[in-house]
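There are two complexes below, and they share chain A, which is joined by chain B in the first and by chain C in the second.
So, the complex of A and B:
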């Protein structure tokens, strides 16, 4: 069976790959949006944190025999702890300044992380084995579905929707949203805003690390894996607009799919399609698909 | 403090400023004769032009473009290809590279100025990444190898640029011209409007200025001058590679400007020479720790040193001789 002259198996395979990438876009842009909302900082280090998450999993397996399931919890916790230290020691000096400084500081942090890992592990890619329980593939009749990829998509969807629920539907989330609107007032009501800010940054960075662990078995782990991804995620964020949680998730997944489709029909453009879409969206709807005009 | 004393102090500061400028200009003129390696100095001057162009945007218009390397890289490729493969003379190649970068800047600028602040930075970064991928895949850029063996040729058919000293003075002349051009722009009525937009855009708009047009022109000027830096660099080093268009260079030019002092005329020059010198010095000694050191410099500058070297010096002079 074929679609537009392309075997349906290959077509669906690329779509699934696009969906996997889209899941990473969604998780990362979600974290960026949450951090930007409360801290007013565009976290350039997000890509580096994703990279560190993958490396923590790999180092854990390589040196300490840590299995995948443990890494899924350990890596985000380690990275979140580091993130919170950074927030308390560095980022907190920037809240009253132009947001550009936050971008520049986190860019510097990303360079430091990248340099350290390059020095320690070189630039060649490391492999991380797919956990045994998720190896193999399931034959769905119309396509063969690699189990691990399906797992990645399901977990990211679950995490994204969980985050959405937490922020939009719980009491804690209402504090968070209130803190985004008016931190001074929320503080006056007796909420410990600095603590909330620290935990939010921790959660956002942990999310990036989780994406890194999920990605570890399907990509080459290199020190540079994060910086290339983060630029695409920035474009995703511009397209979606950082105002809406659900918007970030949908935009991330949709752009992953579009990228997958482009790989099928016109592979040369697959690297740039997200940026082209960004340019078009900016012309038609400058605030982004889900953003609000100021 | 009475007004006579104030005027006296202001004159003292101005005199010191003139002396500093004079010494700097003499040093640059004498550089090849006092043992400074000409290729290094030429590279530093190219990056100084690049940083001055960038500062016009960040320092005087308040726009953070996080993708300026793309214009430098694209112009480097354009000049390299025209001079090497099409046999153009160097002056035509440089002019074409500059115009090409300005055109690209116009196209990207039209899109990017639709958003402000932090979004502007993200959009320019994303567009630059797109241009980078175009460089990576286009047939005329030589892919991973880049364009190698670009000849320097003869300027206007007369000056043999293959001689390092001749090329040095040509580049120094261009550098002085760009520097004075930027000083002129900033002090012109147009530059005042740019500063007004930087300080308070809605207010500038309410006064009847079409802020978007002013910003777009600043972006085009800045990208064209960034292109000029790239074209010159291709002639100096004889090649154009992917790293000329890479985001890490876009980050470096931000650091040069920040470290030297954004919104000051001399800052980007000081920053560029410092960073290029630092990289040159560290490259053989510490390997991949260069990235770490650059990153750490960023962190220190943002946390504790936001005025930069020149900015701190100026502030110190003002404190010593308050003029009002």
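So, the complex of A and C:
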């Protein structure tokens, strides 16, 4: 059996790989959506934070013998702590200004971070071993799926759904959303809004770092790994609708699939297909697929 | 004013005589400017990049920083892998800085663009990091010297050896730009000429983030050999994913362009046994080893063949203009076509009418972790191809200047 001249087995394999990549997109765009939706900051440093997350895992393993499972918690915490310092010292001065200022600041920070890591470690990159428990591969019949990639999909889906639930379905989430609508009023009810904002930015950056740790064993850890990805992830957020949590998750996964299929039918276009879709979506629905018109 | 001019002429004459230079010594602007435009920050920055610029400066320093009493200046710029940026920078330097020699770093697209600018300005252009054989074929120019390697030499070094060892059917994973398609084209011809077959190919974007999808397509082809017609970070990520997805169990990988930095980064465990062709290896002779040590002192890593070629090319050019006493573009290129190149990089090298610098190429096999005894001890040199056999032959050449 064939679909458009491609054997169905190969087709399924490509869909599954698309899902793996899509889960990275989903997790990264989720962090961006949280930060934009609740803080109004266009966080261009997201790719750099993802890169730093991977490097924290690598440095931890290389210098201190930290294993993968510990790194999964330590790297996001380290990066979130750094993110919160940036929020308190730099970003908080920009909330009342045009979002462009936040974009420029975070873009500059990203360039600095990439430069520092390039200077320290070069661009050829470092290797991070797949943890022992997740080594090996499972033969699914239509393809051999490395266990680690399956793990990535599970973690990513879990984290995405957890974040969505936290923001859309819990009391804490409702404070957060209220705080962005009317900070003064929420403050008056005794909620510490600046603290909440700081923790939100920390959580968003932590998500980027977590994606970095998850990616570390499957790709070359280089200072450029974030900038290779960030533009695509931004396109995902724009397509999903800036600030829409659920939109960014679903769009991330869907675009992973679309990109995966493009790699089969017309590989040369695989790095632009996302932008073509973005252009079409912006023409038809300027607020994005899941965004609300303001 | 009149007197001042006389004084200047007198001083100039005295200086020329004192330096005992050839009587007609003339260097435009009284300074020799060498420009180096390469990828200083992107995926090719380790194989050439800032350390390549330093290698050029090492050559300048070895000549005392001057030729016949005229200071040598080195300008360095990052082209960010964009051909238009490279061409614009080259043009700016030729027009505004009086650039005498342009050295092109990695990325064929940028070098093809810079070669056009240099030809228009009638100044020598030495391409080092770029691999595309188009530089000395369809797009050959009297002002271009292709110094280190090209896609033809890489394919000729690796492909017949692999086919001979039993790798008959090939599938190509190709970087979708000038270099990748040139390499795939050159390699494909050799596969069929050596009695092998082409099962297919897939083109991936430069700096692709994920290779699993492309690799799966390669595996479906049931070919024996996966030819990697890409470079740098792309090659590294492709090899990594091939190991992860178990592709290496059913297919053998042949890296058509791999540098020692790639092997270092991936480690011997992932690369052992792979064949690759290169123009130079730090441990190939006592001279190369000595230079490698000097480089190591500075950067705490061994040089790639490109960095060695950056050094050698700079020395070759400076010695040539020293001998002729001028940095005039036409005279310099004429001289370059007559010199013999003998240094730590090449033995009896020479520059042919099509612009190729003809020198020996080496087929290496990556050592196993057990046989590697010292840091950066990565290769066994398994075969040496003589320059005349390693590069394009006259019959194959598509360069109008060499007919």
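The rule is short, and it goes like this: the second predicted complex is superposed on the first by the 279 of 294 C-alpha atoms of A that agree within 3 Å, B and C clash if a C-alpha of one lies under 4 Å from a C-alpha of the other, contacts with A are read in each partner's own complex, and residues count from 1 in each chain.
Here is the rule we use: contacts are C-beta pairs under 8 Å (C-beta built on N, C-alpha and C of every residue); 3 or more make two chains touch, one makes a residue touch a chain.
Just so it is clear, the model here is predicted, and its values are computed rather than measured.
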(request) Evaluate whether chain B and chain C can sit on chain A together after superposition, giving fit or clash. (result) clash
(request) Go through the superposed model and pick first if A:126 touches only chain B, second if only chain C, both, or neither. (result) second
(message) Once chain A of both complexes is superposed, is A:31 in touch with chain B (first), chain C (second), both, or neither?
(response) neither
(request) State whether A:260 touches chain B only (first), chain C only (second), both chains, or neither. (result) second
(message) On the A-aligned overlay, A:143 touches which partner chain: chain B = first, chain C = second, or both, or neither?
(response) second
(request) Considering only touches as defined above, state whether A:118 meets chain B (first), chain C (second), both or neither. (result) both
(request) Check whether A:268 is in contact with chain B, with chain C, with both or with neither, and answer first, second, both or neither. (result) both
(request) Quick one: classify A:83 as touching chain B (first), chain C (second), both or neither. (result) neither
(message) Considering only the listed stretches 23-31, 59-67, 77-85 or 185-193 of chain C, which one runs into chain B in the superposition?
(response) 77-85
(request) Jot down the residues of chain A that show up as touching in both complexes, chain B in one and chain C in the other. (result) 115, 118, 232, 268, 271
(message) Applying the document's contact rule, which stretches of chain A touch chain B when the two form their complex?
(response) 36, 42, 90, 93-94, 97-101, 103-105, 107-116, 118-119, 227, 231-232, 234-235, 237-238, 268, 271-272, 274-276, 278-279, 282-283, 286
(message) Which residues of chain A touch chain C once you look at their complex with the stated criterion?
(response) 7, 10, 13-14, 17-18, 20-21, 115, 118, 122-127, 130, 137, 143-144, 146, 148-149, 218-220, 222, 224-225, 228-229, 232, 260, 263-264, 267-268, 270-271
(request) Provide the residue numbers of chain B that touch chain A in the complex, in ascending order. (result) 64, 66, 111-112, 114-115, 117-119, 121-123, 125-127, 129-130, 133-134, 136-137, 247-248, 251, 254, 258, 287-299, 301-303, 306
(message) Quick check on the complex: what are the chain C residues that touch chain A?
(response) 41-47, 49, 176, 202-205, 207-210, 212-214, 216-217, 220, 232-233, 236-237, 240-241, 244-246, 261-262, 264-267, 270, 301
